[in-house]
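First up is the structure itself, then whatever we jot down about it.
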Amino acid sequence: FAEAKTDFKVAWSIYVGWMPWGYAADTGIVQKWADKYGITIEVTQFNDYVESMNQYTAGAYDAVSLTNMDALSIPSAGGVDTTAVIIGDYSNGNDAVILKDRTELAAIKGQPVNLVEFSVSHYLLARALDSVGMTERDVNVVNTSDPDMVGAFQTPEVTAMVTWNPMVSEILTLPGATSVFDSSMIPGEIIDMMAANTEVLADNPDFGKALVGIWYDTMAVMTADTPEGAAARAAMGAASGTDQAGFEAQLAATKLFATPADAVAFTAAPELGATMDKVRTFLFDKGLLGSGAPSADVIGIELPDGSILGDANNVKLRFTASYMQMAADGAL
Amino acid sequence: MSEIVFDNVWKEYGDQIVLEKISLTIAPRAFVALVGPSGCGKTTFLKMLLGEEAPTQGQITIDGVPLVAEPGPDRGVVFQRYSVFPHLTVLGNVLLGKELRAAPVTARLFGAARRAARDEAMALIAEVGLAGSEDKYPAQLSGGMQQRLALAQALIMRPKVLLLDEPFGALDPGIRADIHVLMKRLWHETELTVVMVTHDMREAFTLGTRVIAFERPRDRPEERERYGALLSRDIDIWPPRIAGAPLSNTPDQDDLVTPLDHGQDDLAPTQGV
Amino acid sequence: MSEIVFDNVWKEYGDQIVLEKISLTIAPRAFVALVGPSGCGKTTFLKMLLGEEAPTQGQITIDGVPLVAEPGPDRGVVFQRYSVFPHLTVLGNVLLGKELRAAPVTARLFGAARRAARDEAMALIAEVGLAGSEDKYPAQLSGGMQQRLALAQALIMRPKVLLLDEPFGALDPGIRADIHVLMKRLWHETELTVVMVTHDMREAFTLGTRVIAFERPRDRPEERERYGALLSRDIDIWPPRIAGAPLSNTPDQDDLVTPLDHGQDDLAPTQGV
Amino acid sequence: MRWINRKPGPGVRTMLMLAPFVLLVLAYGLGSMARLSDNPSDKLLPALGTMVDAINRMAFVPDVRTGEYVLWSDTGASLGRLSIALGLSTLIALVTGMLVGMLPYVRALLAPFIATISMVPPLALLPILFIVLGLGETAKIALIVIGVAPAMIRDLALRVQELPREQITKAETLGASSWQIALRVVLPQILPRLITSLRLQLGPAWLFLIAAEAISADSGLGYRIFLVRRYLSMDVIFPYVAWITLLAVITNFALDRLRIAVFPWSNLEAR
Amino acid sequence: MRWINRKPGPGVRTMLMLAPFVLLVLAYGLGSMARLSDNPSDKLLPALGTMVDAINRMAFVPDVRTGEYVLWSDTGASLGRLSIALGLSTLIALVTGMLVGMLPYVRALLAPFIATISMVPPLALLPILFIVLGLGETAKIALIVIGVAPAMIRDLALRVQELPREQITKAETLGASSWQIALRVVLPQILPRLITSLRLQLGPAWLFLIAAEAISADSGLGYRIFLVRRYLSMDVIFPYVAWITLLAVITNFALDRLRIAVFPWSNLEAR
């Protein structure tokens, strides 16, 4: 159904790795690149991450910021063929398993664990338990909404929690809170990206180029150790409800790919395939690849080298380095 | 001239028979007082005349024409309560009928048309003794004033038939006497047939040219449903009162009633105790 | 024996003077009928007697003792409406006073105490003519029956003073006549002083031993606030009615009233028109 | 005849009553078909068949993890919370409403405070609620009570004040104390209204229940809706919403029947 | 004297009225001090001074990102949404309520449907709403309207039916058509009730506004509360909640004044 068009809509939600989108929209970077390709791009901020993905899946947006795991389980499992245009960063400590009054991960056994069910936190918990030879049966998962994590941690019932930043850093300031496992121990597995509808992208490659152009322009500003860079980080901090220092603390736990070349290198590396295999197995175990899915292979995942994980006739998630490569090559 | 004929009219609500075989001819310009015990169907009778309820059997005609099955401007009405609109001033209440008739869409009058209607309404308001209260709301009037207002509101439409359902039941004796005088004058001066339901015998005989009583001949509880009320008495007042005839100078007994002058004719019978 | 004395009583609401210099002695076992135009302060007078409102000036005493400033079981009351409790059956309504008196905490009676109270209540219910309706709710009774119930409910407390505020105003003439007979009998048989507000002259003179009228001598709108109503007339019925004296056999005029027998004394005056 | 005087017959009435529901289902069917022909695995407006599958899965197939029938265990959890919360609110509203309505001192003390409190958006205060009351059932129940009780208190206090003054006076002349008036005159007359007041708060109560379950829970209708919302599983959400609506409609109706059965006089009055 | 008959004098009344508010502030102050002495960086119950700082920052220091004064721009955004939504709801409720109340055919058609709809928890349908109506202001306004209008329609329809039948009959005898009755008899009498109905829905309207802003917005009081909730910035949340409450209380009061000013007769009746 997709065809050449000139008006595009991008959804992003408030999270450290995606704050540049808001900054880019505010400061005219989006406008600049849209003009360059003769298109318009409407960038919409969401307070609620889940809703932004739902909107994209339902076809209301052409591109959305999400994680590799959610991309597979939400749009792809929902039949929307999705391509990861930009690999922006991976979580390098932004997600953590936190215990109250305990310092050993093994102590989690038998406890209720508060987390957003079926989110990357859930995945992180599975990986953490795996690392000490436990499974989810050894704990008791309680679904808890993300904005309420900090408050929830202060209640007596809560003894274990898995969540992400900024909640992690808030919780770690509370007495008795210890991070016993975090995403830096599974580097590169929780990936934050900007994904677009594959058909839209195929029919409008300029849209993909504009996205990449916007992203790396913004990266250049915000990673710069200049007054402009500091101002940009302060603005992003304010937009996410904190200040520059708080925002930089979150950035520290994020492996941001400041240049397109870094991102291309990460994307093209073979580890990505291994990561996606772990992710799809986890999702299949949780029944999140569609009810009645016979195996983890139901949804095909295309990797940058063209190889396909799973069903080649049902490819719904694609990783490509080609747009980022154009940026690296200065070919935009 | 509006002769009203009830031809063997029955009214039933579901299984309950309320009125039975009512046959009746009301002459033009009659003033019929309708009496009877509570629940015997007086209001139901009026509702049929209004067109709000249809007879279960039989037919009602006005001047030989079957009654229109909906209330309309040819029949005015005053109830015991809720007859005036609380959100309109005295003037607004009286003007309303004119406005409804003249402006089907906006239901409001402007400019010269409004001034003409206003003058007519003011005259009528003065006639019922409400001059000076034009800008008050009904809640600011006493019960008696509200009922006068309801009268003025009905009369501005020049209805052929005026139906009154215990219009003065809630009023003081003194106020009631005043309004009786007014009522009589209006009946004399306007081309009107009046049917008035009342609980008050004195009122019935003071005002009516004819007093009609309904009664349930069988009123034991188990009979209630199966038998309705009948027209049990029909008395023409003698000597006949004639609408429009000059008012005799002898003042009406009622008009004299003020609280304590009542004594004379009421003390006598009670002395027996 | 409850002699009630009003000693130069004034009542004001804010700036408005409602009653002025009321001085009055009500003899034990009197039956005072209180009349006067609407808004002149009759209900206010009763409220002061009840203890619901305090006089602004002056004093009210019963048997020389200043009136308790709250309604209590020594003074019974029947209003025109809302006198009975809609959520209790007839029996429940009459029993209530007994239960309240006997059980301060639960306000309910059980066992033998209940049976005794019940028997007394049933007798009283029969006396006011409601035998057979013990299990009905007030909404299932006619207006007249509700007012009898209110009477029974007040009388079971054996009050010294019974206050009635237009108790029969909302009733049919036929039903009203019945209840007058009852009222008279109760007054004769029970040790009661009665003060009754009424709008109906006939009622005042039929029942009272004494008729008191309130009036505002100055009633122009601009004067309303500054001047209250005064006690304007005070008539003792002659020959005096005496409570407890054997009922004479001459039947009361009122008792005869049925709708059309009324004709005789009402037709006469109206013939003048 | 004027339109205000025209009344539909019983047959027409039934047809008219059903029409909007049928239309809604039809409109849904068409919308769903249109979307599914574009993207066969569209999840926003699933086909009716898909929903039947989902209902079947939720209601009649035991959950692999817990072995429970999800729909029924969710319903049980939610109704349990709801009934405790509504019971509590009713009790609080009854006691406070009667005190505020009857006693001028209590009214002066509490009426303005309750009027203010009833304007506080409870969702915004959730963190406090959690920390004070913990994350368990207590906080969820408290959220519903806080959301629902002030309105009920105000309603009841108003009704108490609307009782004819004559009744109170009459009770006083029968020798009643304040306590006895409360017990025998005010309480029984206010109880039917309490039920009506409760009915009016059913909608808000469900709303707060869902909000509370969305925040932290491991079962409940609201929990499930927000959990599967993550996957836009409208095939589960729609039946759940319909089920909640049905439960609320039934409760509403049952409460009204209850009132008429227990307080027969309260319906006589309405004549 | 019985307690039900004791009335506080004007001075005592004022003191009683203020007492619960003072107590609340005091209790907060003590709780805050206790927590802060345990953990000086506790964020749950910040000291009053911290809140004053936060208010100062939000209300009087321009935001680094947008250069706007956050509190005022949030208030503007929220009040804008709220007033459009309430205006729409009022209009819908007026038209539909009058039709349902006056015309038996429309009543047969819509009354059961609206009664059912009013039981649907709107929060559960948010995804649909956002997808059908987009993420702009429309969806937020629609959520409020959906949450608020059914109750208003039912209330108004009921009031229309409660108008004494005698008034309608009287209007008919004055020759009024259905349209004229609607325009001159029903409408003006229902307008004051419309305002009252609107006042009753202020609480729910704020609730839905906050819920909508929590999901997608870039300004608004609800947006801000949910944004800073991740950091448990109670020093911002408390003043925001107090501010919302104050706005609601003022609106409530102003609407009542408006009713009395525009429809003076509607207060005469209540005597």
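Things worth noting here:
To keep things simple, chains are lettered A, B, C, D and E as they appear, and every chain counts its residues starting from 1.
Rule of thumb we're sticking to: a residue touches a chain if its C-beta (ideal position, glycine included) is under 8 Å from a C-beta of that chain, and two chains touch if they have at least 3 such contacts.
Since the structure is predicted, the reported quantities are computational estimates derived from the model, not experimental observations.
Under the contact definition stated at the top, the chains bordering both chain C and chain D are B, E. In summary, the chains found to touch both chain B and chain E are C, D. Highest inter-chain contact count (C-beta pairs) belongs to D-E. Note: the chain lying farthest from chain B is A, by mean C-alpha position. Centres computed as Cα averages put chain C at a distance of 49 Å from chain E.
Mean C-alpha position of chain A lies 37 Å from that of chain E. Between chain B and chain C, the centres computed from C-alpha atoms are 32 Å apart.
In chain C, the positions touching at least two other chains are 70. The multi-chain contact residues of chain E, meaning those touching 2 or more other chains, are 2, 44, 127, 131, 172, 177, 229, 232.
Counting partner chains per residue, chain A has residues 54, 58-59, 148, 150-151, 154 touching two or more of them.
Working note: touching chain pairs come out as A-D, A-E, B-C, B-D, B-E, C-D, C-E, D-E. The touching residues of chain E, when paired with chain A in their complex, are 39, 41, 43-44, 63-66, 126-127, 130-131, 134-135, 213-218, 223, 226-233. Only residues 35-38, 142-143, 172-175, 184, 199-202, 205-206, 213, 233, 235, 237-239, 241, 247-248, 250-254, 257, 259-260, 262-263, 265-267, 269-273 of chain B touch chain C when the two sit together in their complex. Here chain E touches chain C in the complex through residues 1-2, 5, going by the rule given at the top. Residues 50, 52, 70-73, 75-77, 79, 81-88, 96-97, 99-101, 104-107, 137-140, 150, 153-154, 157, 159 of chain C are the ones touching chain D in the complex. Residue ranges of chain E in contact with chain D, taken from their complex: 2-4, 6-8, 12-13, 16-17, 19-21, 44, 102-105, 108-110, 112-113, 115-116, 118-125, 127-128, 131, 151, 168, 172, 177-178, 181, 202-204, 206-207, 210-211, 222, 225, 229, 232, 234, 237, 240-241, 244-245, 248-249, 252.
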